[in-house]
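Note that the chains are named A, B, C, D, E, F, G and H in the order they appear, and that numbering of residues resets to 1 at the start of each chain.
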Amino acid sequence: MTDGTTPGTLGVGGFAELDTDRRRRTGVPEVVYGEGKTPEQTLRLLAELRRTDPRGPALATRCPPAVLDAARDAFPGEAVAADPVGRTVTVGALPPPVGDVVALTAGTTDLPVAGECRATLAALGVGVRLVADVGVAGLHRLLGHLDAIRDADAVVVAAGMDGALPSVVAGLVPAPVIGVPTSVGYGVAAGGLATAAAMLASCSPGLVVVNVDNGFGAAVHAAKIVHRVRGDR
Amino acid sequence: MTDGTTPGTLGVGGFAELDTDRRRRTGVPEVVYGEGKTPEQTLRLLAELRRTDPRGPALATRCPPAVLDAARDAFPGEAVAADPVGRTVTVGALPPPVGDVVALTAGTTDLPVAGECRATLAALGVGVRLVADVGVAGLHRLLGHLDAIRDADAVVVAAGMDGALPSVVAGLVPAPVIGVPTSVGYGVAAGGLATAAAMLASCSPGLVVVNVDNGFGAAVHAAKIVHRVRGDR
Amino acid sequence: MTDGTTPGTLGVGGFAELDTDRRRRTGVPEVVYGEGKTPEQTLRLLAELRRTDPRGPALATRCPPAVLDAARDAFPGEAVAADPVGRTVTVGALPPPVGDVVALTAGTTDLPVAGECRATLAALGVGVRLVADVGVAGLHRLLGHLDAIRDADAVVVAAGMDGALPSVVAGLVPAPVIGVPTSVGYGVAAGGLATAAAMLASCSPGLVVVNVDNGFGAAVHAAKIVHRVRGDR
Amino acid sequence: MTDGTTPGTLGVGGFAELDTDRRRRTGVPEVVYGEGKTPEQTLRLLAELRRTDPRGPALATRCPPAVLDAARDAFPGEAVAADPVGRTVTVGALPPPVGDVVALTAGTTDLPVAGECRATLAALGVGVRLVADVGVAGLHRLLGHLDAIRDADAVVVAAGMDGALPSVVAGLVPAPVIGVPTSVGYGVAAGGLATAAAMLASCSPGLVVVNVDNGFGAAVHAAKIVHRVRGDR
Amino acid sequence: MTDGTTPGTLGVGGFAELDTDRRRRTGVPEVVYGEGKTPEQTLRLLAELRRTDPRGPALATRCPPAVLDAARDAFPGEAVAADPVGRTVTVGALPPPVGDVVALTAGTTDLPVAGECRATLAALGVGVRLVADVGVAGLHRLLGHLDAIRDADAVVVAAGMDGALPSVVAGLVPAPVIGVPTSVGYGVAAGGLATAAAMLASCSPGLVVVNVDNGFGAAVHAAKIVHRVRGDR
Amino acid sequence: MTDGTTPGTLGVGGFAELDTDRRRRTGVPEVVYGEGKTPEQTLRLLAELRRTDPRGPALATRCPPAVLDAARDAFPGEAVAADPVGRTVTVGALPPPVGDVVALTAGTTDLPVAGECRATLAALGVGVRLVADVGVAGLHRLLGHLDAIRDADAVVVAAGMDGALPSVVAGLVPAPVIGVPTSVGYGVAAGGLATAAAMLASCSPGLVVVNVDNGFGAAVHAAKIVHRVRGDR
Amino acid sequence: MTDGTTPGTLGVGGFAELDTDRRRRTGVPEVVYGEGKTPEQTLRLLAELRRTDPRGPALATRCPPAVLDAARDAFPGEAVAADPVGRTVTVGALPPPVGDVVALTAGTTDLPVAGECRATLAALGVGVRLVADVGVAGLHRLLGHLDAIRDADAVVVAAGMDGALPSVVAGLVPAPVIGVPTSVGYGVAAGGLATAAAMLASCSPGLVVVNVDNGFGAAVHAAKIVHRVRGDR
Amino acid sequence: MTDGTTPGTLGVGGFAELDTDRRRRTGVPEVVYGEGKTPEQTLRLLAELRRTDPRGPALATRCPPAVLDAARDAFPGEAVAADPVGRTVTVGALPPPVGDVVALTAGTTDLPVAGECRATLAALGVGVRLVADVGVAGLHRLLGHLDAIRDADAVVVAAGMDGALPSVVAGLVPAPVIGVPTSVGYGVAAGGLATAAAMLASCSPGLVVVNVDNGFGAAVHAAKIVHRVRGDR
């Protein structure tokens, strides 16, 4: 039954029904979520996305090593970027960046999440600056970067453990702030749920939150804001 | 020690240290959170906010009935709005609305949360349209409103129980979507935590989430987006 | 003491007491749950089921690779089906299918759960159609299949993450809908508990739920409905 | 915007958008959920349902005392049933019952949940028999009723605390069994979540579960089965 | 059997066995926990403590209004302090304060917890300064008080919601910092558990935590530190 | 259908099916659980129990004030004991006590749980001694009673908060020890679940646990031990 | 400091302080918990236990394969039993069994827990009978063994998933029943916590519970009961 | 952007921004948290810390084996200590110890946590004594060490499972007591959360708690106390 004859979809191998209409509806194209898929499935879907939507690169997130290793050979003649830290694969040339999103991390070990965010924004054609390791245990590290953050279109803040950094940032700048709880932590913070709760419970007005380690989702929300700001609707 | 001599703060009665600098830093002024405060404290703080920041109305959220009832008499000569559904009190004339935010609710009983959101946006000078009771059990109700939603600067979706409505909306429109889980529900959904989790786990890219029943926070994030879109930085 | 002399039981090797009376009581025969059993135990129990209940095939679920690999050689002369995706082994010819159950998945990675469901229905002699990857992030994918779903005897919907798809389906069709939360997800959805909660809290009347990843249980409930519908009591 | 001009909906007072198309789509009409609504809202919605769908009675669940007390006077000339135990109000004559559903309770204190289930089935025109207080602490109580249960179209089992009764029933009869965890319990069982988990984790194949105290949802699922069995599609 | 003949104990009315030896063992005397006790029991125990340990005042925490109201009349001729915010009753003259503990609160609504802390420290003869409403949403409020905090013997920080303030403080001062999560919050922070988790997961080294709302426990730990610092062992 | 014609049961008013065979099967008669029942139901069931099983008194636990107040008048000519602390009602003369169970409490506020335990043991004809307020904050209080505890047939230990007392006791005596977590506590211990977990996780071998506040269940287990010890089988 | 000079203890290698006095105090000797210890530590402690308490065998539980494999060679000339299912090692001849404990399992995969229980009882000199795979999905399996269970000194019931079997057993026999929740299960039952909760919430009076998979603890409690019953105090 | 030009920070390789000002602010220098970092990152950061802060040794915690193995060769000519139990690496000579902290463990398997605590205190120049395996199952083991504990500047108590030991200690000595819940345990205690809750809920006044397995944090708090006691401010 999954023959893809529904308009706006593309049935692939009986295991997927690609949403080829998503960019038109939401401004953001379909992306491959690599977790739980076989490497063959992920590479096949990247190829189909690249083929059906040539307006921008095809992106896969949460790629296992087998996909990261095989990506370049699988798409000869294409610009392919495989990021082993952020676990993303991008097939096709990046669009020129528009807008200004800042991605902060509280610690070094939050970098994979910020990396997923950065690769997603790049694939969506949004400009992004990364500032690492400015958590609240040494507040002056953040304050030293504040002027650069203040005027961003949006700020993404990845933090694990106490999840305090996004609250501090949201109290200091006018830009919309998106908190990404990370699974960096142990004991009561193992898995990132306590961190997510701390961000949701923020006393700083207007902080919004995505799922644990969801750098991709934060990037898409930030990109939608940039699209609004830059008149792309 | 709480004498308010720190610049940008105002000590009030030994029980509060108002952040009179917040509008300058973040674009959004200090607001009184009425829960857990005595009516006297809330009214006193409203008066101080009104006095120190005449650029816009003073707002209090989560007001108990005693505050809602007393507000009009407490501020003679002022425009006072007290909303018993959303539990907000606004003191001072509303600014002319700028921008376009749509607030959706999945059910009738989510209206208090949407009300808090609407009053906050109004106090911040942001335009807001409210669409009630369009949950996924009868999907055609939402689809009938889709054209009106698509071009909003931001969409706030309040939903309890399964929390599915924001995911459906985020898959259909280019506007940034903010999900507000509500405490409407029982059993596994009591308190709104399962609803919040469902929104955080959304399969629709870019959905962001605030705390349960936090219509205020969703409004502030939406207002920050509107400020970005309308060039107010 | 486990000598199997209790009528309706069969003691096996001191480690199991097969319920040989279950088909008579409930319409559904005893099935081997492979998780936590040694391959030898699972294969031994399949053989005993096959021997004592020749009315239908013997089924084992949650089979580790060792069982999947060994199954065909272990039952020479029998029709043996081993599904590495759904992790099931069926020994004996499938009965001709009766009735019509539709199994939907929200994403590609929910396919193992739908596979367990499909193999179980097939072993029970119930007809099943599979529709993959029609989650709510791209709602039109589901709507394109709606006519085919509407008249099923029962609909099984496997979904992870937000668990929203079963709620949407249950609001659209008259067939009884069974939600299967899957462990596909991360962060707040890790393990599938938030997904299960979202389904239990559904605002769509009549949605029922089974345990996380329990494609088998959903199939048995659907089969019992088909038995009722087809007059098999 | 909530003017109800979307086909298949009826806007009511700005606070609700009744799904007047639900019976056509799913076989079960829209029902008023009384929790969190004002008595005026519930009575108003009952009146609108009664007016727009004369094929059957209008039903409200989770009614507070004020609705239960006012219902009879609010609908002069109508058959009105108000059940203070199950907290339901039915307006309009009951249809002649079709099919056979058995509702069991583990204890006396589970009766409100079974009452909600019974009233819903009656309003939907489904026959229902109630058997109270047959929990597993005294198993012979259940066994004495077994012959009467076996041939039902569906069995609904409401239980609190350990939630063991539905598992025992599902192991004994061919009828589809729907477990309703109740909030009857304390300590680790307070709120019914542990009870719900026990039912979802049942070792009896095919047991399905609804939310805690959701007698209404169990009834709708049972009714959908009866509709399938009795050829009403 | 509870005749209090065990040395170092005093049986009271069959319902309590006062630990009259506690001050000798731990430096801190037995205190009455008023929650769950009848007013008569609390007042009786205060009297017995006062009688058997005249070295310092007798203290009761978590006092219901009935105890707060009756305390003064119950101890004629004694210095009695009843604090309705912190819910403490102190019977007997306060010792001259030694040492320097600073108690901070993130918000106005955390004051009851800080009040319990302050009254406990006062009863134990420890000096305490209170700084209210300096949460991280407006960080400059804290920074304005930093010089006064830095040299304290210990710092107690009461915060609800995101629980971020103690982490920020612990990263800025050499004094030992004790975080007290409060039950101020809602949604994911309801009850204070998420707040407690955020503090335990702090990225600031050396932050220690007590139970939610346990201003008393924080005070006792701080007092033990002061005893060490001031050579009182 | 609830006509009580099943042997060993007695249908009562359509709302209960008393298990009149329980004493024969388990050595312990049916008891009325008063929570969630109307006072009329509880009193009616007490009367039926008293009538059908004259070998011992009838017992109701978790009685609301209305039952406690009405009990004496409801059973003229009977020995009636109503305990407002333990919330039990006993109708009929107590049997002479056999065996020796010691019930300890960690604090004064655990007394209601110990009271339910004591009343249950008394109704079952088991001897019981109560020792209150010997928690681990002042360990010498317990040690002073140790000789009296050591030779009991069983020891029941009710404790809230940290739940440490049963572990300490189980490491000191040869008697079987039953821990009863109580709901005495706040913050992380609110509701008693953390306390129950601490007891289940005990490092003292052989400690067993019942539900939070379940003094009744602990008493029944202790009584079953006494029945074994005293040869009553 | 850990030189073992405290009477009743034996310092071992700086990493352990064996409780050589435990048998005298509680009737049950110190046992080695192998989880988290190196194989060398476990074997060293077994040797010390064997040397210092020759009245019975030395027992280690939760032994990793390295200990199970090495045990026989490590104790030449001793009777050594190593059970790879229950993961226990016993060094020294078993005492003649006294008393009668029955250990039931709901399923085949609960056997490791029952094995730990059986080995512990054997080492403690208590008689034990094992009955496997009699869960509630096929109730007649249990009923066929009931006469053999009824007169036991104690009954241990290991069950995973719904945890219903101990409740059913406790409603049928006069023997004290100890439930052991097992980690057999998935989804909502993963880890065994839901199973433990179901047992604690049992509606069958007198059921007591130990930690998940704690066959050892159940055995010790049963042994203490046997000691009481057989006059060994 | 992470060029480390902010005063008091040092940008390292784009992945870290070392807080070189921390010792001045808090009395405790920056430490490398090895979990989630590559061995290269950890060794690089150790080198930078050693270079920029020669006043004391550089410390890394949670080191994977690759770091422990490489440490000595990576720092030729330096005093290097690598502890495989506590998983710490110290580079540079230890300062002469000042003050007196006692670290207790409840069991042998808590030693890694105590080891992390001990290495941290040693690196900070604080004297520490270790007492292992004195849990509450054999209370006399603790009591034998009590005199040595009583006069410590601070006591750190690491315990898993029931977490009872810190409560017992805090009730016996005047020293400030810091509880470290460990992840030693299974079932309801798996992960250490129940253990942490038990410590937070302690009935012994003044017990403070750090995150599960956070021996480092306990050491820093203890060191801050020692700094206060020894006049180092």
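FYI, contacts are C-beta pairs under 8 Å (C-beta built on N, C-alpha and C of every residue); 3 or more make two chains touch, one makes a residue touch a chain.
Computed from a predicted structure; not experimentally measured.
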**Prompt:** What's the overlap between the neighbours of subunit C and those of subunit E?
**Reply:** A, B
**Asked** Among D-F, E-H or C-G, whose interface repeats A-B's (more than half the contact pairs identical)?
**Response** E-H
**Pair sharing more residue contacts (C-beta pairs) when G-H is set against B-C** = B-C
**Message:** How many angstrom lie between the centres of subunit D and subunit E, each centre taken as the mean Cα position?
**Reply:** 50
**Request:** For subunit B and subunit E, let me know how many angstrom lie between their CA-based centres, rounded off.
**Result:** 35
**Request:** Would you mind pulling out the distance in Å between where the CA atoms of subunit F average out and where those of subunit H do?
**Result:** 45
**Fill in**
Going by residue number, subunit F touches two or more other chains at 22, 107, 137-138, 170-172, 187-189, 196, 200-202, 205, 211-212, 214
**Complete:** Residue set of subunit G touching subunit H in the complex reads 1-2, 5-9, 14-17, 19, 21-22, 30, 33, 35-37, 41, 181, 183, 191-193, 196, 211-214
**Fill in**
Per the touch rule above, subunit F residues touching subunit H in the complex are 106-107, 135-139, 161-164, 167-168, 170-172, 185, 187-189, 194-205
**Prompt:** For subunit G, which residues are in contact with subunit F within the complex?
**Reply:** 22, 25-28, 31, 151, 153-154, 170-176, 178, 196, 200-202, 205-212, 214, 216-218, 220-221, 223-225, 227-229, 233
**Fill in**
As the complex stands, subunit G meets subunit C at residues 107-109, 111, 129-134, 137-138, 140-141, 143-145, 148, 184, 186-190
